[in-house]
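Look for subunit A in each of the two complexes below; its partner is subunit B in the first and subunit C in the second.
Presenting the complex of A and B:
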């Protein structure tokens, strides 16, 4: 256990010092703080559009950070040979992998926390209204689960593809997974769709993690479209995410165990 | 004494597009005794690092077997009592020396600041404990590498090219530390492609080339040339002609007689005859081969053999 904690905290230490990540984070923060200046809208519109825009910026920045952080997570350790001193100690490979993953999502969480703080501050300074801050703050929590899932996808791929390929694979999967509901509805529910295509759509729907579950900015923007039972929804989507993460990590460990480093 | 490392036909095959399957390590039979400094010598690309990685189950053998401290390779238990200093290692640069040691010690489930400080002292880095690794020189990094390799009080240390790219002073520092390790009863396995002072402290060596061991044995025996040089004074020049030893090179200059001869009974006879001629023996020196010569010769021979 201590080994996993040590590896995780070292990973956080490394991640928050990585220039690329800090630059992406800075760009995200910059856009968050200038977002209010970008609209020329009526006050009512401004609130909803602004919120959704800022959440969008936060989400996109987090996704880029998550991918850039995790596709290099294992390859860098191998390339710099830091992994050798670690694996020559009584550390099992699964402990190493879990430690790296936990460290990565902790670092990601820290960065998202910072962005969320800036987002809420910007919103407050503009609206002078605290009543909806709590509601808005829920979205980044959902995003955090989403990004943890994305990180697990990238870690899984990183055990057998190169960082560049992984970048596009994970990014692509995130893109498809984010539109999964829409895509699936289009194919599966249309009576004109060929049964074979329908079957493929169903398979994709099962295999690809549904990232769209976590895109909950819509209920905030349109309070009319509230989710029936928010607590149950949050629990379900979190459990769904954790389940997928576990499957991906187990897969990653099985591959990594056989791999030569 | 038990064997610290033993391998039987240990083999690693890599497939490459241009060369096909290549046995990078080829049926290696190694035998390292407990408590010795063992030199694993060979040119670049000979298969030294690959062998070490297999012994540490960082990579897996294609075939063959190996045991480290009596346990089959792959058994993680043994990792508690061995340690490894990789070739050209890299450490998390943002950490201070002390933080780095604390990190590695937590991998053993330990959290002993005092021990880490002691080890820093031991490798002469006590004054640099709070500097970050990025501020360390190469020699300092190598010393902290040795410190981390001592955290678990190991019985066996694998040092892969421990003096690669270091200046002569750093060489000496590392050599002295390694000698201390042996005095503490540890087994030290050193791989190297250059023959610096560090290799001279080895008790036994194996010379590996193209994945195969071409020489293995006590360093003193491998270097033993089988010849002696005898120097004597206070002899007439005419004595030179009385020396009738096969394969000997006799010379006389500035009142000194110098005989370069093979070892054997003739040596005693020569010494006796010098004495009875009332000559003074200045020195009798066994002529050792230079390690460099042995190394270059061995590698060249096997390369030629392979080319034929």
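Presenting the complex of A and C:
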């Protein structure tokens, strides 16, 4: 456990020092700050557009950070040969992998926390409405689980593909996973869809990591929708995220164990 | 090796657990509570970049940009380009109430021919669009009101639908008081006179309370307007004999609606040029304000209804209207007891394709749609109106309307075959040519000229 904590804390330090991540973070913060100026695009719905825009920026920036942070996690260590130094100590490969992953999501969490703070502060300064802050703050929490899942996907791929391929592979899977529910819904509800295609869609729907489950911004952007038991939904989606992250990490460990470094 | 087997077994178990969790616990909840509430899930016509943005949470932002673009098309009068943008914006953000309201108005009103007649084939689409907007925004009165307005003002018939939508709008707390008043005339046009009066009383009580709390000019004005409306309505209910009808002594008294007045409707339709029809006829009512509806449409068209069509054709928004259908609706304005109107459809063959072999011309007058000064004679329900030849109580069950039907063929309308040289016309058997002066009363005597 101490090994995992040590590796994780080192990874957090490295992530914070990485200029590329800081630039992405700064761009995200900049966009969050200028987003209120775009609320006027819809004269009667400034709040709707503002909330949508800011949550969108937060989600997109977090996704880019999650991918960029994790695709280099293992390959850089191998390329720089620093992995030999680590693995020559009493550290097992799985501990190294888990430590790296935990460090990455901690760094990601810090960055998301900063962005969420700016988001909530901007919203408060513009709307002077404390009552909705709690509701809006739910979205970043869901996004954090979503990004942790995305980071796990990138860590899994980083054990056997190059960073560039991993970037597009993880990004593509995030893109598909984000619209999985909508696509599945379209197939499942269309009377013209072939039953075989429906069956394939159902299988894909439960195999591919489903990022769409965390896109809960609709009722936040458009208040007034009645949500039945949001706590149960939060628990189920968090459990789903944890299970899928475990699947990906176990898969990564199995591959990384066999890999020559 | 053992460790590897344990991990593989754990992997399989976790996989099954996540699949079950997603399929049975998460997805049904997501669909119910968190899925975007769009009417159609299809992304047809969506640019991939817009789609990507939409998926990662920028739906409302993109919708805003597109609406600004649509607005510039409006300014240029490029209505065709606006339609897909409206669809796209409402797909991305189904809570854009303004877009639904404007889009509905645009679809229902703005596709016109060169003589500014709107393309009524789009009205079912506009109604479906309004219904979709109301479904997606059930907490505000606006789209219920707008859909009701489409029935009340544009369709100007089948008033039960205007009443139905406005009653729904009234259930929403955000409906402004001034707009609530409109339900009363809708009740009157639907023959629900008692309901119309009751509503005025209810709104008056509310207006008095509002004015007591805040004597702002607007509140006082609304209160006074309702008060005047109640006064006028009570007088009209008496003079039109409505109260007597309810009490059962209508036969015994003299009311403005007695005896029923014969409007003496007659018409002749002459195809003067290909797709150009002149309507001439008589209407024995001197006061200005009568507009007789004329409809030219395919014989045996689907969703047919006398003097119109079944406007409410379902809740699915399909922007593709039946392009092969010809449907023209115009108002014949009566002056000095006659009407004479030339309808030119020759420049708009997209709107009037004339693909069918046979067509019907329908003439329709519903006293419920008449202005109040004419209703003072004809009554709320046409009890003060009759027509020796064309009084009809079947095309609108329970209502007294004037309805006549004539037929034309495509060859006649397009002046083909034997009709190239011969001028086709159809007329009612009682038609009297306008140049044959029947009575002295047809001559308008202007005192100034007479003095000279």
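The rule is simple: the second predicted complex is superposed on the first by the 256 of 261 C-alpha atoms of A that agree within 3 Å, B and C clash if a C-alpha of one lies under 4 Å from a C-alpha of the other, contacts with A are read in each partner's own complex, and residues count from 1 in each chain.
As a convention for this text, a contact is a pair of C-beta atoms (placed from the backbone, for glycine too) under 8 Å apart; a residue touches a chain by one contact, two chains touch by 3 or more.
What you see is a predicted model, and the numbers here were worked out from it, not measured in a lab.
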Determine, under the contact definition given at the top, whether A:162 touches first (subunit B), second (subunit C), both, or neither.
neither
According to the stated criteria, A:13 is in contact with first (subunit B), second (subunit C), both, or neither; which is it?
first
Winner by number of subunit A residues touched, once subunit B and subunit C are compared:
C
Tell me which partner A:260 touches in the superposition: subunit B (first), subunit C (second), both or neither.
first
For A:194, is the partner it touches subunit B (first), subunit C (second), both, or none of the two (neither)?
neither
Is A:246 touching the first partner subunit B, the second partner subunit C, both, or neither of them?
second
Under the contact definition given at the top, report the residues of subunit A touching subunit B in one complex and subunit C in the other.
none
Subunit A-facing residues of subunit B, complex
53, 56, 58-60, 76-77, 79-80, 82-92, 94-95, 103-104, 106-109, 111, 145, 148, 152, 158
Give every residue of subunit C touching subunit A within the complex, in rising order.
4, 7-8, 10-11, 14-15, 17-19, 21-23, 25-27, 29-37, 41-42, 52-53, 55-61, 63-65, 67-68, 93, 95-98, 139
Interface with subunit B, subunit A side, in the complex: residues 2-3, 5-7, 10, 13-14, 17, 80-82, 84-92, 260-261
Touching residues of subunit A toward subunit C in the complex: what are they?
38, 41-45, 48-49, 51-53, 55-56, 59-60, 63, 175, 178-179, 181-182, 184-186, 189, 205-207, 210, 212-213, 215-219, 221-222, 224-230, 232-233, 236-237, 239-240, 243-244, 246-247, 250-251, 253-254, 257
